[in-house]
Every structure is written in C-alpha cells, then in structure tokens.
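Naming follows writing order (A, B, C, D, E, F, G and H), and every chain is counted from residue 1.
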Amino acid sequence: MSEKVLMKGNEAIAEAAVAAGCRHYFGYPITPQTEIPEYMSKRMPQVGGVFLQAESEVAAINMVYGAAGAGARVMTSSSSPGISLKQEGISYTAGAELPCLIVNIMRGGPGLGGIQPAQSDYFQATKGGGHGGYRNIVLAPNSVQEMADLTMLGFSLADQYRNPVMLLGDGVIGQMMEPVEIKENNTRAVEKPWAAVGMHGRAKPNIINSLYLKANELEDHNNRLQKKYALMRGNEMRWEEIHTQDAELILVAYGITARIAQSAIDIARENGKKAGLLRPISLWPFPEPPFVRLAKTATAFLTLELSAGQMIEDVRLATRDAKPVYFYGRTGGMIMSPMEIYQEITKILDGKEGK
Amino acid sequence: MSEKVLMKGNEAIAEAAVAAGCRHYFGYPITPQTEIPEYMSKRMPQVGGVFLQAESEVAAINMVYGAAGAGARVMTSSSSPGISLKQEGISYTAGAELPCLIVNIMRGGPGLGGIQPAQSDYFQATKGGGHGGYRNIVLAPNSVQEMADLTMLGFSLADQYRNPVMLLGDGVIGQMMEPVEIKENNTRAVEKPWAAVGMHGRAKPNIINSLYLKANELEDHNNRLQKKYALMRGNEMRWEEIHTQDAELILVAYGITARIAQSAIDIARENGKKAGLLRPISLWPFPEPPFVRLAKTATAFLTLELSAGQMIEDVRLATRDAKPVYFYGRTGGMIMSPMEIYQEITKILDGKEGK
Amino acid sequence: MRHEIIMSGFGGQGVLLMGQILTYAGMLEEKHVSWIPSYGPEMRGGTANCSVIITEGLAGSPMVEEPTAAVVLNLPSLDKFEAAVRVNGVLIVNSSLIDKAVKRQDIKVYHVPVNDIAIELGNLKMANMVALGALIAAIDAVEMEVLFTAFAKKFASKPQVIEANKAAINRGYDYVKKSLN
Amino acid sequence: MRHEIIMSGFGGQGVLLMGQILTYAGMLEEKHVSWIPSYGPEMRGGTANCSVIITEGLAGSPMVEEPTAAVVLNLPSLDKFEAAVRVNGVLIVNSSLIDKAVKRQDIKVYHVPVNDIAIELGNLKMANMVALGALIAAIDAVEMEVLFTAFAKKFASKPQVIEANKAAINRGYDYVKKSLN
Amino acid sequence: MAEVLFSRPKALFDIPTHYCPGCHHGIIHRLVAEVIDELGIQEKTIGVAPVGCAVLAYDYFNFDMLEAAHGRAPAVATGVKRVHPDAAVFTYQGDGDLAAIGCAEIVHAAARGEKITTIFVNNAIYGMTGGQMAPTTLVGQVTSTSPYGRNLETAGMPIRVSEMLATLDGPAFIARVAVNTPANMNKAKAAIKKAFELQLSGQGFCLVEVLSICPTNWGKTPLEAVKWLEENMVPHYPLGVYKDVQEAAK
Amino acid sequence: MAEVLFSRPKALFDIPTHYCPGCHHGIIHRLVAEVIDELGIQEKTIGVAPVGCAVLAYDYFNFDMLEAAHGRAPAVATGVKRVHPDAAVFTYQGDGDLAAIGCAEIVHAAARGEKITTIFVNNAIYGMTGGQMAPTTLVGQVTSTSPYGRNLETAGMPIRVSEMLATLDGPAFIARVAVNTPANMNKAKAAIKKAFELQLSGQGFCLVEVLSICPTNWGKTPLEAVKWLEENMVPHYPLGVYKDVQEAAK
Amino acid sequence: MPKPIFFQERCKGCALCTGACPKQLLVMSTTFNGKGYNFSTCPDDSECVGCCLCARACPDIVIEIHKE
Amino acid sequence: MPKPIFFQERCKGCALCTGACPKQLLVMSTTFNGKGYNFSTCPDDSECVGCCLCARACPDIVIEIHKE
C-alpha cells in the first residue's frame, strides 16, 4: 500500500482510516462527502469491519459515542448541515473524553445553502458549535495526501488525548483526485482500560459519562479538561510556512484556499512582491508562535477564507493586532482565483487599501 | 399589566412574549428553563395562542421555522444541550431570514454536564454554533426585568431585520424571582408580505428557502446577509456602564456575572479601588465603541465569565489588545462570589498578576 | 440593612413558598428583593432551599453564601447551613424535627417547634408559615402587616386559607418574641 | 508546460473517466497532477465536467478557470467553455453532436466526430476515449504509451476492454494528427 | 376550436423540471397539482418541500411553499398549520427524508393527528445524493452504500411506513399507491384527493405513500424500472388503504 | 444459620437510590439485575442509561455502563453492540427519552433488528424534569405542560410504542408488562429474561415496555398511583406479548 | 379527431408514454431534440382514441391531447 | 420461621410493601427514620409465611426475608 495511487480526497480519508485500523464507521450520506460512506460500505466488509448507515447524523454521532466508549477506533463523516446536527453528540463525546474522528467536508451555507465548497464552519469547528465549552483538535488538510496523513494523525491524537478530533476539509479537497500514498499504519496502539467492554473480572465497572450533577464536581471535570486542552496547545500546534522569511505580506489560509494562495504568491514573487504563506494545519490549537514571530518581521497579514471572515479573528488574536490584518473572502461555493488574490496582494503592498 | 409582580426570570420571558403578541410557542422541556413551556402551556390557551410540546428540540426549531415562515410571531426556548440540537434549524432560520426568538437558559457542560447555571455557550450563540456563517442578534439580560424587556425587544429586532434573535440567559436569572413590570406591547407591528400564507390572490407564490444551488447566487445571498449584519452592527450594539469613567480596571461581564461584578465593584470602591463595569447587553453585535474608548482611559480589563473563557476573545478583539485583558472564570455551575472577584481586582490593581 | 436569608427543608415543607411570600412582602415595601431556589434532582426526596435578599441598596448578586439569617426545617438543612450563617446572624431551628444541638456560639439561635405548633393549629402544612413568623420576629425584615398582605395577594384565589395562615405566622412570631423577653 | 484542461459533456458521456485516465497518466510520468469534477444536481441529466492539471511545477490550485485546452462533447459544453479557453489554447469539439460554429479565432480548434468514430469502432461508449486520443494529439500532455498503461491499470479487472479502447484512443489521436498535416 | 382533453394543471408552472428522464416525481407532482386544481384550493395551499430530489418542488408548484431541512417537513408543516388552520398544508417527502432522518417527525405528526397531508415518495433509494441505501431499500438491492446488496443481518428489513403509522390513533387516512399503470394512477389520484379532503374537513393526519422509480440510481431504463417496481417493490409494499376513518365510521 | 429467601441481586450495588418513595424504577432495576444474575452475564453486560430519572442507573448497576444523550440510547447501544457482538447490551429508557426525542433511534434500532434489549419504562410523564406531558400521557391527564389535561385536538392520542414497533420485521420480542402485582412482576421478569435470552441467541431486537408509576409527578401516594395505573394506564396500554419470533416459529 | 400534441423540446426520451398507449401509436425518434434526447412522436395519429393515457404517463407533461 | 428483616434507614415510607403482604403483617411506623420517613415495620412476624411478596414489592430493597 505504499505505492502512489490516484484517489479522491474523500476516498483517501476512508482508505487511510482503514489503514489506521479503524473498523467502525457510522454515517449518513450528504454531498460533498458521500464518497466516504460509499467507500466504507465497500471496504469495511472486506476487512471485517462495520459500516453502518445510520438513520441520521444525530444517530451516527451517538453510535460513534457508543463504539468509542466501547473501546473501538471509530469515525463518522458529514458536511455542514449534518455536522450542525451532530453538535450535541460532539459535546457529549468531548465531555465523556471519547476518542474519535469526525470529518466535515464543508459546503456553502447557511441553511441548506448549496453543495459547492466553502470554509464557513471554521467557528463551529474551532470554538465549539456545541454547548459547554469543550475543545476538539481540528486538522485542516490541503491536499489529498494530507487527507490521508492527517486522518492517521487524527486517530493517534484522539487516542492519545481521549478527545474527539475533527478533520476539516472542503468540497474541493474532498472531490479532487491527486496521487496519494496511503502509508502503513503509523498510529500508536493505545490501551483503553477505561472503556465499557464488559467487566470480565475487573473489580469495578467502567462508566462512560459526562454527567456531574454536583457543580463542584463538574467544575473539577472542566478543570481537568482545560488542563488537557492546555497540553494540546503546548504540543499539537501545526503549521506550514512558505516564503515567509523575507515576506512583507503574510497570507494566512488553510485547506484549498492555501493552495490557491500558493499560486498567487508565485505570481506575486514573479512580480517582485514579497508575499509569503502561513498555513495553519491545526486550526485548534491555533498555531500562535509563527504569528508572534512574523508579526515582528512582516508589515501586514492577509487572511483568505471561503467565508465572510472567521479565522481572521484568530489571526488578530495570535498577532495581538500588532500589524494590520486584511481579509479577502468568497462565499457560497465561489472560489477565489490566484489572480484575485494577487490583486489583493497588490492593493495592500501598494498601500491602496486601508485596513 | 403595568404593576410590578414577583416572577421568575423564565416566567417573565414567557409573560413578556405573550404581551408582545407572540401566539406560537414550540418547545421541549429541559432544566433550567422548563418554566417557560410550562407557563406557555397555561397562558397560550387563555389568549387563543398555540402551545405545542414538540417531540424534540429538533422538531421544535423546525416548527418555529414553519410558523415564522407562515408569518407568525413565534418563539422557542431550551437550555444548552437542547440548543446544540437546534443548530441546524437555527442555521436554516437565519439562512431563510425568518424572524423568531430563541431562548437559551444556559447550564453547565459539556455533554449532559449538570443543570446548574453557566455561561459556556457564548461562542455557540455569538459565533454561530451552526454551519454556514450566519449571525444572530444575541441579547443577554441580567435581571428579571431585562428578561421581560429584552424579550420584547427581541421580537421587534427579529421582525425588523428578518433574523433570529437569541436571548442568552443563565440558570440563575432563569430561576430567580424579582419584581418585574411587564410593559405594554411596545413592539412594532411589521408587515410580512414575504410570508407563506397561501396566495389568496397574490400573483406569485411566496417561497421560504435557504437553498441556492448556484454558487454565485448563494454568494449573492451571503453578501446580502452580510450587509444586513453590518447594519445590525451599526444600529444594535447595546451595553451598560457603571463607574467606568474614572475606572482603572474595567470589569467586563454579562448576565448574572455582571450582577455579581457590580457587588464586587461596590466592595472595591469602598476599599478605594477604582473598578468599573462594562456590561455588554448585546453579545452580538459585540459593543465595540465603549471598549475602544475605555482602552484609552483604563489600565486593564478583567473579563468575568461562568466558563473557561470565551467572551474574553471578543474583549481582546474590541480593545485591539491595547491594554492587558485578564480573565477569571468558574465553570460547571459554580458561581463566583463578589469577594472572589474583589480578590482578582486586588491582585490586578496591586500588580501581583502577570497578564 | 441587607437581609440575605436562606430557608431550607424537605421537599414538601414549603420552604420555597415561604421565601416567596417574604420576598413579595419586601417588594411591597419597595425594597430591592430577589428570591432564588436551589433546583435540580436533589430536590427529589432530598432537601430544597431558597435564598432571599431584601435590601434598600444595590440589588447585586442574588446568591447568598453567608446568610444574615437561616431557617432550617430539618436536620440535613441544619448540617448544611449552620456553618454558613454570618457572625451575629440568626438561625431559626425547627426543634420539632431537629434535636441535634447547634454548635455555633457567635450567632443568635431560636429553637421553634414549628411542626408541633402547626399541628396544634390543625394543619401540619402551615409549619412553614410558623417558621416565617418566627423569622420576622427575629430579624424584622418586613412589617407583619405587609407580610399578611403579601400572603393574601399570593393566595387571592384561595381566600379561605388566609386567616389560618395568618394565625400561623402570628404564632411563630409570638413564640420568638416571647423568647426574646 | 502547465496543462490546465477542462473536459465536458453529457452525464453519460464518460468525461469524468476520460479526465481520470489522463490524470493517471500524468501521475505515472511523475508530474504534479490533479483532477476535480463538477458535482451536484446539475449532473443529473445536465452536463458533467472535470478539470485536470498536469504540470512539472507547483501543484497549486486544482481549479481551472482559463483552460489551456478544453474538450467539449456536446453543445451546452461548447457554449459554456468556448469563451474560457486561453488565447492560443486548444479546443476539441465533438462534431458528431455539435454543428454550431466556433467563434473564437485566437485558439486552435479541432472538430472531431468522436461519436461517429466510436460507433464505427462498434461502441458509442468509447467516444470519450476517441476524444482523449484527439486531445493528446493536440497538446502532447503525456506519452501515448503511458496513457495506455494508465488505461490498463484503471481497467485491470476488465482486461477484455483494453484493446478496443486503445484502438479508440489511437483513432482519435490519428484523426487530429492527420488534420495537423 | 380544439377541445383540450388533457393539459397541464394550473397549480404547476409551465417550466421543465430537473428530474431525470422517466422519474415518477414528475407524475406525482402533476397528480398533486390536479387534485389542488379540482378542489379549487390553490390559493390556500401551502406546501413544504423536502431535501431530496424534490428539493426544488417550490420551483414547479404554483402556490406558496417552504423548503424544510432534511426530514423536518412534518415539523415545518406543523408550524405552518398551527398558524393557518384553514390552509391546505402538505409535505412532499422522499423515503430518506421521511423514513430515515425524519422518522421522529413523521411519527409524531401522525400521532398528534396533525391536520396536514403528506405525499411520501418511496423509491427505495436516496435519489438526490446519488443512490445510497434508504430505509425502504429492499433486501439484496444494490445501492452505492450497499454495494453487496442490502444485508439483512446488518441493515435489517426495509421499513413499511404506512403499516407502521397506521397503528397510531392520529392518522385519518393512510394509503399506499403507485403510478405505474393508468389504473394505479387513478387510484393514486383518488387517494391524494381524499388525503386533502380529510385534512380540510379536520379529520386528522393523512398520508399517501407513492411507490416510485429512480431509473438513474437503480441503473435501469425507465421502462425496466417500472417493471422492477412491479416485480420487487409491490410484493414487499402491498398497495392499498391502511387506514381510513371515513370507512371505519361507516 | 439463617437461610435467605430474598435479598438484593449481585448486579445491583448496595446503595440507596435517588428515586422517590414508591417509584417503580427501583423495582424494575431489581428485576433487570435479577435476570442478569440468573443468566450469569454480569461480566459481559454493558448497559446504556438514558436521560430521565434513571440517568444515574450507572451508579446502581454493577456492570459497565454508558450514559447516553437524551433519547439516543439505542444509537449508543448500537455502537457498543457492533464493537462487542457477544456482549449483552441493553438500554434502559423512559417514555420521554424513548418515545419523544428518541423516536427515530428506537424505530431504527428495532427495524435493523439490532441485537440489543430495551427496557422501556412508561410512566406516562417526564419524571426527571418535574412532570411534563409525555407522548404516552393519557388524554385528559393533567401534567405541568398539559395543565388543562392532555388535549386530544392539539396533542393527539398517546402513542402505543409496543404496538407500533411490533409492525416492524426487526424485533424478535416485544412485550408490555407491569410491576403492580406479584403476578405481573413475575411476568415482567420472565419477559425481561426472554428479552435478554433472545438477544444473546442473536434473534434480533427485544423490547419490554414496563408500565410504571410516578407518584411524585402524578401527585398521588404510591398506593394511589398503583391504583391509577391499573384503572387508567392498563386499559389504554394492554399488557401482553406483541411479538415473539420464538412463538411465531412454533 | 383526438390527437396528441408534443412539446418536443420538453421530452426527455424516457419512453414511458410509448408503453402507455393502448394503440401503440407512439414511437421514439432517432434524432435528438435540443437537450440531446430522442423524443416521442406519433407518426400516425389517425387511430388515436383520445384516451390520454400517454399524456398521463408522461412525467414531463410533454403531451397534450386535443380534439378538433 | 421466615421473617422480614428491614434495612430501616433505606425505607422511604412508600407503603407499597404493606399492600403486598397477603397476611397484612406490615405497618408503617409513626416515627421517622434518619431520612425523615415513616418506615415499614412488622410488629409481629410470627405469621409470616416467607412468601417474599413484601420484599419484591419494595422499590428500595429494604426487606430481606430470612428463615431460621
């Protein structure tokens, strides 16, 4: 399995999950991620795993809760409206500290919206679309290869921290095909002595739970969670930098937008304009260190999103508003072209744009 | 109805809604807001209105969607886990631009959590717990009187902007009784020529919808929404200031926490410490102007929340990190005392605390 | 004076209502008042309690941590709140159900057999009103007349119960006033 | 050279597969490649199209706005993409179904009766492969041998179809090469 | 002058639909529109469109409509009906929409006896998303998420919605029909008409399940699909009236 | 030495419960525990607790458990069972949990023939949240959200869950029982036992609906409540076996 | 005489109408309409009985039945 | 002789056991246990037949039936 194959991003997620030892998939069809359940419905029976098409996204995330609580490596996937429906379940999964992978291949909204690519679920993914103040690790691939690699990483991190991990992609990366190498399973095998598997001689029952009726106990639980989140912040920030060292203008983009930004930077450099790219790979924890560093050397930042502006808040927070942070976005499935971005770059570097 | 009566915050919401002409309530019981549906189940039949206990929160928000789309003044209410379940429906309601009031009387989380008061759904309410990048107006009362007044205001704003409005309370304000005057209906009567009421001679059907299959049309729709949101930002920021003029330290708190902070400020002032309170009443749009102004006169901000820290991001963004922003929070239903806050004030003003 | 009062007892003992009537009376006197119950499953079979604030000053936080006065109608309530009462504060103990001794020396303690008095008056359910009268005697938070008005307003739809409860309030009041002599 | 190619036609005409095989070939030549389909309900009964990038440079954005080459297998596709083709770019037109004239003068246009050729070869379904051959003849994006390998790999489980399709690709290729003379 | 024996009903706009060739959605739309014409209720009809292939129904029907979230049409219709008790409110839903994600909403609308009409198009598959298994997919049927055929052991038997809902007290009328033959089409139309009439006379919840073809995702020509429906769907989903308060009252 | 004729089952911890005086939840817990003891499956039992008064069931049962979101116990149990096909997996759910918010999940677990057991405690009310109307509340019954009595016109008739689910092909066993008399308690226990046995032998989904009292929210003493159950609930919810694949096979 | 009138550009070529005509009068074209479909035709409508079954079978309301 | 043994502090005073005893042997106390409930008692257990019905009726497993 270490030869390159041509795969859709969605398929790469599925095959990487199989390679990572995921043997339980629960999901519900929705464009543009339906290739994931479809692929799983083929593959799982072949590897002795379970593919179950749930009656809804709500049921799917709660099946994930059950399977994760029972000790399995498990995943679900959906797209924007379906992910909204999973918010209660995600909060429960985070509250009960259950490891699992949740994939959101974003489409345009709000509401039914459309089925074309978007990045307008950034807030939902990173700030907690569910209630109660939990955190998920959020990973944002920008290529089919990363779809596969971050899937494996996601399972590792989920088990390591006993926490849900969200893979946040967009319709473009989900639908596009690129060469990809599905690596051999490089995830850690983790013991799950806490799982509800039947007592089988164990003295005390294992309980999977997020209920703490006494306020002080719930606060203790939250404090434990916050400690864990601090640990994640310390260890799990991931990003990529391209041409940032001498850059006057730092483009900030994730997922497909980062790919387009890269093309735009090529054009800019050809035209003697010093633009660079800072690509957050972990959207939560948001990779603050490079922002702090680059806020010293660059003159401005330009956040690019397929939304009306969400990550820009984290960019401003990470840079402590030390330098102007500009924004350019498209919504509803419209995708910006490298040329569009280049024009924004020009406007800023030629000083025609107020902040 | 203009005499003062003693009412629970939850009841004040319900009675104010009745006074505001709301004749359709759809909801599902959940502590600590069940007094709202209970009150409505008594009152609605008396005023010829509809009380319907839905089969779930998901059904309830979609009934609201239907009733709002059919032109009614309508509301629902729930608490944290139930609000998570409504996220898809809220996104639809925002996407289809339907006016309605959604009440969240927050309790501790994540997951099932507990039933004691909390403020850990701030992100969900203000950033969009649902998908697709919409905005709701979010109002945060800090007394039973405001529960009533902001309910009426909420209905007005919802109709005015054709947008969902969320009333974000906490278990304390929901459960506490205070004297309250249910004012006479001061909401504007708004025509709803767009509503699906049957054509009755109209030439073209009215369609309630959030689907735009063509990306450019969905982008146009989003641009229209963003324009509306900008209008709201311009017109609907609300806040209260207490002792801020000469304050060195600005406490920032909403809802019940603001009440406690006020007591703490009393103690501080008695002890010669210049603390003041900036209380956001609209959490979205977040009231930036006073922050910008006070960032010039004060030396620091202290954000107080019944959460692990959510509004603090908006405080930092609003102040542009011009002054240190400290944080103190309790979670899980634990409530800070004025004394606890006073100690934080002391630490900061006596310079013992690094940012 | 800022009164911060906790009332606590079994689920069925009517402590929430007792607090509401006191709060209502405070409102009628145009003071700043608030009432807040404990809520949740612990109510079921367990104890119920509420916090009442009556003040002429700032309303502020409705939560009571160190009550200026507490009424405890059963043993678990005594165990829970004895330590919390503010120095020089007041503790009304339902001596009909609680025979444990109060340890605090720095507060004023009134032992009132509210159940017995209520039974004597013909209805155990009025024990809460007996306790309320006792509390008012001890802390003078509101006028007795206003308290009666509050009760009457609350029970406007059941005028037949008013007189008996008024008597219960009076009996509790007198019991404490007498002990003050 | 960075090839940015759009292939477009009816839902059933196999344009997505055609793009995948080209992309596969590009991958076998160790170039940077990407393929992305249009998706959604417009596929149903309407047109389908895909974008293919084959380049030795940076992969970058997989979206194609101004194709260096376009293959249009039906009239709506011509209407949709004619204007987009880059100056000096290539347009392969399925003349079996499209008799509308191409207006652009600044691009290279090849009219290939791919349906007719495919029917002649005995299977209308191979029209896409005829078009693919024609495209390669026009733009030389990959080696023909590699293209055959790509096809063979893709259809490893159906070896019986390989030869016929190879013939179809060749026929398309020859048709264009001949017209170049 | 020419007499017109058959033409488009008024309640349907004169525009082409996006449905695949042969798809029964088009016929079912027409029957609904004919009934609305015949009852003369176009002006007071409010429809609720599903998420499914019929998501654009509001483009075709010529009366007020709301587009519901996937599966929630009965809840949306409930909201509408409670505001306009005199309106003719109906939902139009596919089998994924109604029987999978919207299962709770349809059961409870039925149980409440909500005075709405539901047109339930059962084509044994998720059409719009490209042919995944539905709760009504037959055992052994190959779909894109049951590539080895629906497996009885892991996915269970297909749900018979009409039979299940008929056990509730709230429904006034429940029937299963098909539009595969002229005779069945007549029965289908009669059932739809009754389902509107009983709603309007306040009898309760009314549902008509229409067996339908999805040639595209079944991988069949329309004529093959009709045959498959007759040979495979009808045996598992017997046509007939499952509940009728009017008949019961007689 | 004293022979012990009756004592606490092993599968129940020896601690007091939070249930109200007289609440049948305690009896039903005990019956489940007795069955688990008798079948000797404590070590391989995995329970799923609901949100409802039984939310703390995991404090009382002495085996592995998961606390599910409100209504989602069947989905959670499905996840568990698919990971541990040999485990005895059961959900314990109230009527609000199972019949209202969790309606889709129970219907689909039943339809899939998911090999789990469901103990469905029908007390015609939302106990935990303080006595609101449930889908199973009787017409005319006063609750905190039906203060004038459940209104047939606006809220519909109470759902008979066992009858509804019995129309599906997936269930192996469905019975309605009560624990109001010694004889009924015996039948209840026998039904629960069968519902575990048939799960373990892989027959399919098994559900036992137990009529139960909520003296607190019914506003009655426990003895009055038992009487009310007999006089009001049993007539609308007839006791009996609604499905039994074993009997059917005979 | 009754006869079927086709709105040819709307036809999707599904052929359901051909199966519905009791007189088997309808035939699919071998040429395409603007959408690219073979469309339904009635080469000889003289035997048409005006039963409308073809029209009712058509999902796309391609056919009207007129009577002179 | 069989007889009921009460775990008195667990009793919630619901009285379900008193209704269940075929011999009507059980009586609620007039005093309270630590939880504040009147508790069930068997003032004279000599007629107890060890049927266990009281124990089975108890939701709180307050009663064990022992036999000497």
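Just so we're on the same page, a contact is a pair of C-beta atoms (placed from the backbone, for glycine too) under 8 Å apart; a residue touches a chain by one contact, two chains touch by 3 or more.
Source: prediction; values computed, not measured.
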Minimum number of chain-to-chain touching steps separating subunit A from subunit G = 2
Which chain pair has the highest count of C-beta pairs that touch?
-> A-B
Any idea how many Å lie between the Cα centroids of subunit E and subunit G?
-> 26
Mean-CA-position distance for subunit D and subunit A (Å) | 34
What whole-Å value do you get for the distance between subunit A and subunit E if each is reduced to the mean of its CA atoms?
-> 38
Among all residues of subunit A, those touching at least two other chains are 31, 50, 52, 55-56, 58, 81, 88, 92, 96, 111-112, 114-116, 209-211, 213, 335
Can you list the residues of subunit C that touch 2 or more other chains?
-> 40-41, 45
If you look at subunit H, which of its residues touch at least two other chains?
-> 12
Considering the complex alone, what residue numbers of subunit E touch subunit A?
-> 51, 55, 67, 69-71, 96, 100-101, 103, 126, 129-130, 132-133, 135, 144-148, 154-155
Contact footprint of subunit D on subunit G as seen in their complex = 12, 32, 34-36
State the interface residues of subunit C toward subunit B in the complex, per the touch definition above.
-> 20, 23-24, 27, 33-37, 39-41, 58-63, 65
Complex contact set, residues of subunit E against subunit F | 100-104, 107-108, 111-114, 135, 152, 154-157, 159-160, 163-164, 166-170
Residue ranges of subunit E in contact with subunit G within the complex = 2-8, 12, 16-17, 19-27, 30, 182, 185, 215, 221-223, 226
